[in-house]
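Some structures to go through are shown next.
Same chain, two partners: subunit A is paired with subunit B first, then with subunit C.
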Partner chain A sequence: MKRFLIIAIFLMTFNSEARLKIEIAKGTEQLQKIAIVPFNSNINSQFEYQVRNLINEKLTLFGEFESLDLSQMLSFPFNEANFFVRDWELLSIDYVIFGEITETDESLEINYVVSDINLKRIMLRGDISGLKKDIELIVKKISDRVYESITGLKGIFNTKLAYILNPEPDNYSICISDIDGNNEEVLFSSNSPLMSPDWSPDGKKLAYVSFEKGFAEIYIQNLLTGVRETIPTLGMSKSAPVWSPDSKSIAFVISMSGNPDLYNYNLKTKKISRLTSHYGIDTEPAWSPDSKKLLFTSNRSGSPQIFEIKLSNKRIKRVTLEGSYNSRSRFFPDGRNIVFVHGNNGVFHIATRNLKERFINIVTETKLDESPTISPNGHIIIYSAKKDDQGYLAGITLDRKSKFELPVKIGSVREPAWSPFLN
Partner chain B sequence: MINLQIGFFLSFLGHILILLMITADFSIFYPKKNTYETISVGFILEKQEELFLKKSSENLFSLKELEVSELKSEEIIEPNNNIVSSDLSIAAKKSLDDLKKQKYKTAISKIQKKFIDIWIKPFVLNEDIQVSILITLAPSGEILSRNLIESSGNKKFDESAMKAVSKINFLQDVSDLSRYDFEKYFREIDLVFKSR
Partner chain C sequence: MRITKTFPLFFLLFFIGCTTQVSDSVSQTNYVEIDGIDFNEEDKIETSLADRVYFDFDKSNLSDETKNILSQYVSESKKASLIRLEGHCDERGTREYNLALGEKRAIEVKNYLIIQGVSSSKIKIISYGEEKPVSYGSSEEDWKQNRRVEISLF
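For the complex of A and B:
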C-alpha cells in the first residue's frame, strides 16, 4: 500500500502538457541561387558558351532563380572528383550544375551533374546527345531535367505558345513560338479576323476560328502538313473550339439565330450533339482533365458567370457565386482548381479557385487582363494584357507571383494558348 | 522494538522526501527578494526578482494558461503597461507575468521568423497541407535533433521543410529565457510547416 502511494505520487509529478507548436505558414522571398559552371570540352568549344548561356536564360526566365556570375566562382569542377561542396557553400549557392561537352563534326554529347549544396548530394546525373543543329532542343531538354530535379515540377521549356498576331488592321496571323517568345512561326495568315487557338492533346494540330468565308468557321490545321479541315455544319456561325483531353471530341459554340449554345463534335463519328439549349448566351467551353465535364460562361442568371455541365447527364450547375462578372475559365491539370477572369466595376483580374472552396485568389493586378492559359505543369499562367491599347503577353508564376513579359511584337498579341507537353 | 522505531523513522523520512519532491516541482515556497539564479556556467547570469510576498496558487499556472493559438501571429505583442491597481503585490505580479509572457512570445516570434527566412516553400495550389518536424534543444539554443513526425503526403514539401530545419543549428533566442520556462516549453518544439 505504501509502495503504491509512493509510486502514484511520483507519477503525479510528471507534466502531461502538450508540446510547444510553432507554425510556419510562409517561406522566404529570396530566390534560390544556382551556378552553372563552364562545361569542360574536348575542343575549345564555342558551343559550350552557347549551351551554358541558353540553359541560364531558360532557368532564370520566370524569376525563380538567381544565377552566379562566372567571375565569382571559386573553382571550375567538371566531374564529381574535382567538385568540392565547400567552394559553393561559401557563396551560399543552393545548386550547382557542371559537366562535360564532347563535340564531333556534327553532333554533341553533354554529360551533366546537378548537385544540391544544402543536402550535400547529387540530385541528377544526365547524359544527352544530338546533332549540333538541334542545339536548342538539347538545351531545352537539359533545362527541363535540371528544373525538375530542383523543383519537383515537370519542366515546360520544350512547350509552345500559340497566339493571334494583329500587326495592322486586316492583317491577322496565327503564330506559335517558344515559351520565351523565340522561334516564332506563322501557321496561317488572313485579311479577316482569326481567333481562339486551341491545341490538340498530342500537340500535332491546332483548332481556331477564321472569318475568311465571311462568317465564323472552325478550322483544324495539321501542324506538320498544313492541311486544314472544318467541322461540318451548314454555314452556321461557329466559335470557341476546345479539344477534349481524351482526343475524342471538340466542344464548341454554334450561334443559331444569335443565340450561342454549346455543342460537341465527335471526331470519330463526325456527329455533332447539342449540349445546352438556353435562350441566354452559352460560350467559352473548357474541358475537365478527365473529359467528363465542361466549364462554360453563361449569362443565364443575369450576368456572365461560370457554369459546369456534366456530359453524361447534361446536368448544369453554377460554379461562380461571387462577383458581377466571371468568364473564360479553364481547369488546372489537377482537375481541382480553375483559373478564370473575375471582374468587378470594370476592373478585370485573373483569379484562381479551388472548386471545393468558396473564396477566390486574385493572381494579377493589372486592370485589363484576359485569356489566361495554364502551363501543362499547372505552375504558370500566361495571359494577354494591355498597354496603351496594345495587347501583349505577360506571365506569372503561381507560387511566388513573379511576373515576366514576353518580347513585345509589332501590333497586338492576343489569346495565348499553351501547348501540352510535347515530345 | 528498535526495528519498529527505525521503520517508523525511515517511513517518516520517505514521506517528507516525497512531499519535498512535489513542492520542489511546483515551487510553492518562494525564495526571498533579490535572489540570483545562474543558468549554465560561462553563459548567462540571470537575475530574477521575485516580488511576491505571499504564495498564491494561481501564479503556478500563469504560463500554462497561455493558449498556443495566441502565438500563431508573427507580431510581438506589447505588454500591457497600464497597471491601474493600487495594490503593490498585484501590480508587481502582473508586470512579472507580462514580462514572462512577452519573453516567451518574443522567443517564439523570433524562431518563427528564422524559419520563414530560410524555408524555400514549394508550389502547392490552393490546398492545405502541413508537415511536422520535432526538434530538441539544448539550453544554449543548439538544435540537438530533428525528426519528421508527421508527413504532409507530399514528398517535396516534406523535403523542403527538413532542408530548412537542417540549415539552422542554433536558436539563440531561447537562451534568454529562464531555465524553468526553457525546460517546460522550449526543450522540445514541434515545427509545423503549412502550405497556407
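For the complex of A and C:
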C-alpha cells in the first residue's frame, strides 16, 4: 500500500529571519518506526522535553522515520534497568531512544541509549556534555550519532546549506542556514546577480560569483571575518568556482573574448594554470573526491555534454552519451557515481549515473530542475526547481523513498550548496 | 653507442615537454582590464531601432532578421562612443552554461558589427546568462522574450 504523508513541520524559529522550512512531500513507503522517550532530568527543568523534541525534529526532518507520539507510549524508560523490550514490540517500534540529563547551573550532561527492538540489542550508548547555551549543537551531535547507529550513514544534522535568495527583481542575497532552514545568515546582498556558491573543504569559506562590478567576478568570502578576496587575475568574466577536495586549489572558468575555458587557481602559490583550450563552451567544473580529475560541461561535440579531464596529463574524455543536454555535474563522495542535469525535449531533470555503467537514472519529476548538491554522506540530493514562477529547493533521498521541499514565502531561492561535515 | 646518446636527449625533450605543459600559467599582462566601466544610464543614446535581438534555444547564431536589425545599427554605432551588448538566456538548462551561452550570443552580435565596420574597441560585452529575465513565467513566449542580446549605445 502506498502511503503519502503530507506533513508540514513547523520548526521552532529562534531566528525570525529564517525563510526556508522543510515540508515532507512524500514519506517512505515503509517508514521505520522510532520512539524517542522524554529524557529524565535530575532537576525538573525545561530541557527534558526540549532535548526530546529537538532530537525528534532532526531525525524526522527528511521523512525517513515515523516517530511514535508521546501519548501512545506504554512506559517512559530512562536507563537500561527500566527499559522493557516488550513495551515497544507491542507497538511495532523498530528503534527506541531514551536517556537522562544531568544538569548543573550552566552545563548539562546527556546519557543516551539507542535500542534495536527487532534485534533486542542496545545499538549505542552515548554520553555528551556541554554548556546549556550550546543545546542546539549538542542535540545535532546526538542526532548524528543516533542516525548513524540506525542507518549506518554518517549524520548530516550539523551541516549547512548555502543558497541564493532572490525575493524580487534586482535584489539578490547569498545566505547560509542549517539544513532545516533555521539560523539563516545573509553573507552578502547586491542589486546585481549572485551565483554559484561553493564551500571550502574546511567549511570556513565560500566562493561565489557576483556581478556587483558590472561583470562576473569570483569572490572568496571568509565566513567568520566576512573578508572577501578575488582571484588575482584580470579577465573578462570569471565564473563557476569549485574548491578541490584537497583544499589546494579552486577550479574555475575564465572567458576571454567569449571563449570560456577551465583554469585552476593554486591557493598556495597564487598561480593560475589553464586546463582546457577549445573554441566552444567549457564550464561547470566539478572535482573528483581524490582531486585528480574534473568533470565539466562542454558543447564541443555540438550540444552540452559532460566530459572528464585528468589533471596529470590533461587528457579529456566524454562521459555522457545519452540525450541532447547533460550538464552541471557533481561527483558523489564515493567517486564512482555522478549527479547532473539531464535535458530532453525541453524538460530538465536531475539524473545520476554510475561511471562504470551506461544507463542513467532520472530521479526527479518536475520540469525545470537544476543545481543538484549532494549531502556529505552521499545519501541526499537537494536541487532547485520551479513552480508558479517561483524558484524553490527540493530534495530526495537516494533510495528515492523520501521527498521533501524547502520553499520560501517570497520570491525565489536557488543554487543550493551543501557544506562539508562541520565540527 | 648511438642508443646511449639519444636516450638522454629523448628524456630531456620529454622533460621539457612536461614542464611547458604544466607551466601554462596566465600572466596578467595578457588581459584587457575592464574594471571601472560604469555605464551611466542617463548617457544612453535614444534610437528608433529595436533595442534587442532574439535567439533560438541553446543557439547563438544570428537569424536574417537579426542581421537586418544589426545592419541598421552600423551608422548609429559609428557615432556612439560606447556600445554595450548584454547577452541573456531563458531559464532552461543550467545557469553556468547559460552564462557562457549568453556571452557567445553577445560575441556573435559584436562580430557582426565589427565586420560591418564598427570599431571593436568601442564594443563592451557582458553576459547575465539566465539571471536577469524580462519575463518571469515558464511558457514558450516567456522564454522567447528572454533569449536576447540587448543593445545600448552611449
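Brief remarks follow.
In the analysis below, the second predicted complex is superposed on the first by the 389 of 423 C-alpha atoms of A that agree within 3 Å, B and C clash if a C-alpha of one lies under 4 Å from a C-alpha of the other, contacts with A are read in each partner's own complex, and residues count from 1 in each chain.
In this text, a contact is a pair of C-beta atoms (placed from the backbone, for glycine too) under 8 Å apart; a residue touches a chain by one contact, two chains touch by 3 or more.
For clarity, every value in this text was computed on a predicted model and none was experimentally measured.
Contacts of A:Ile281 after superposition: subunit C is touched, whereas subunit B is not reached.
When the two complexes are overlaid on their common chain A, residue A:Val341 makes contact with subunit C while staying clear of subunit B. Contacts of A:Gly226 after superposition: neither subunit B nor subunit C is touched.
Of the two partner chains placed by superposition, only subunit C is touched by A:Val253; subunit B is not.
By the document's definition of touching, of the two partners only subunit C reaches A:Tyr325; subunit B does not. According to the touch criterion, subunit A has no shared surface contacted by subunit B in one complex and subunit C in the other. Residues of subunit A that touch subunit C in their complex: 169, 193, 195-196, 211, 213-216, 232-237, 239-240, 253-258, 260, 263, 271-274, 281, 283-284, 297, 299, 303-304, 314, 325, 327-328, 341, 343, 346, 348, 367-368, 370-371, 386, 389, 415. Here subunit B touches subunit A in the complex through residues 11, 14, 18, 21-22, 25, 64, 68, 71-72, 108, 111-112, 115-127, 134, 155-156, 160, 163-164, 166-167, 184-186, 188-196, going by the rule given at the top.
The touching residues of subunit C, counted against subunit A in their complex, run 21-26, 28, 31-35, 37-39, 57-58, 91-97, 99-101, 103-104, 106-107, 110, 125-129, 131-132, 136-138. For subunit A in complex with subunit B, the touching residues are 2, 6, 9-10, 12-13, 15, 17-28, 30, 32, 94, 118-119, 151-153, 332, 334, 336-337, 352-354, 357, 361, 378-379, 397-399.
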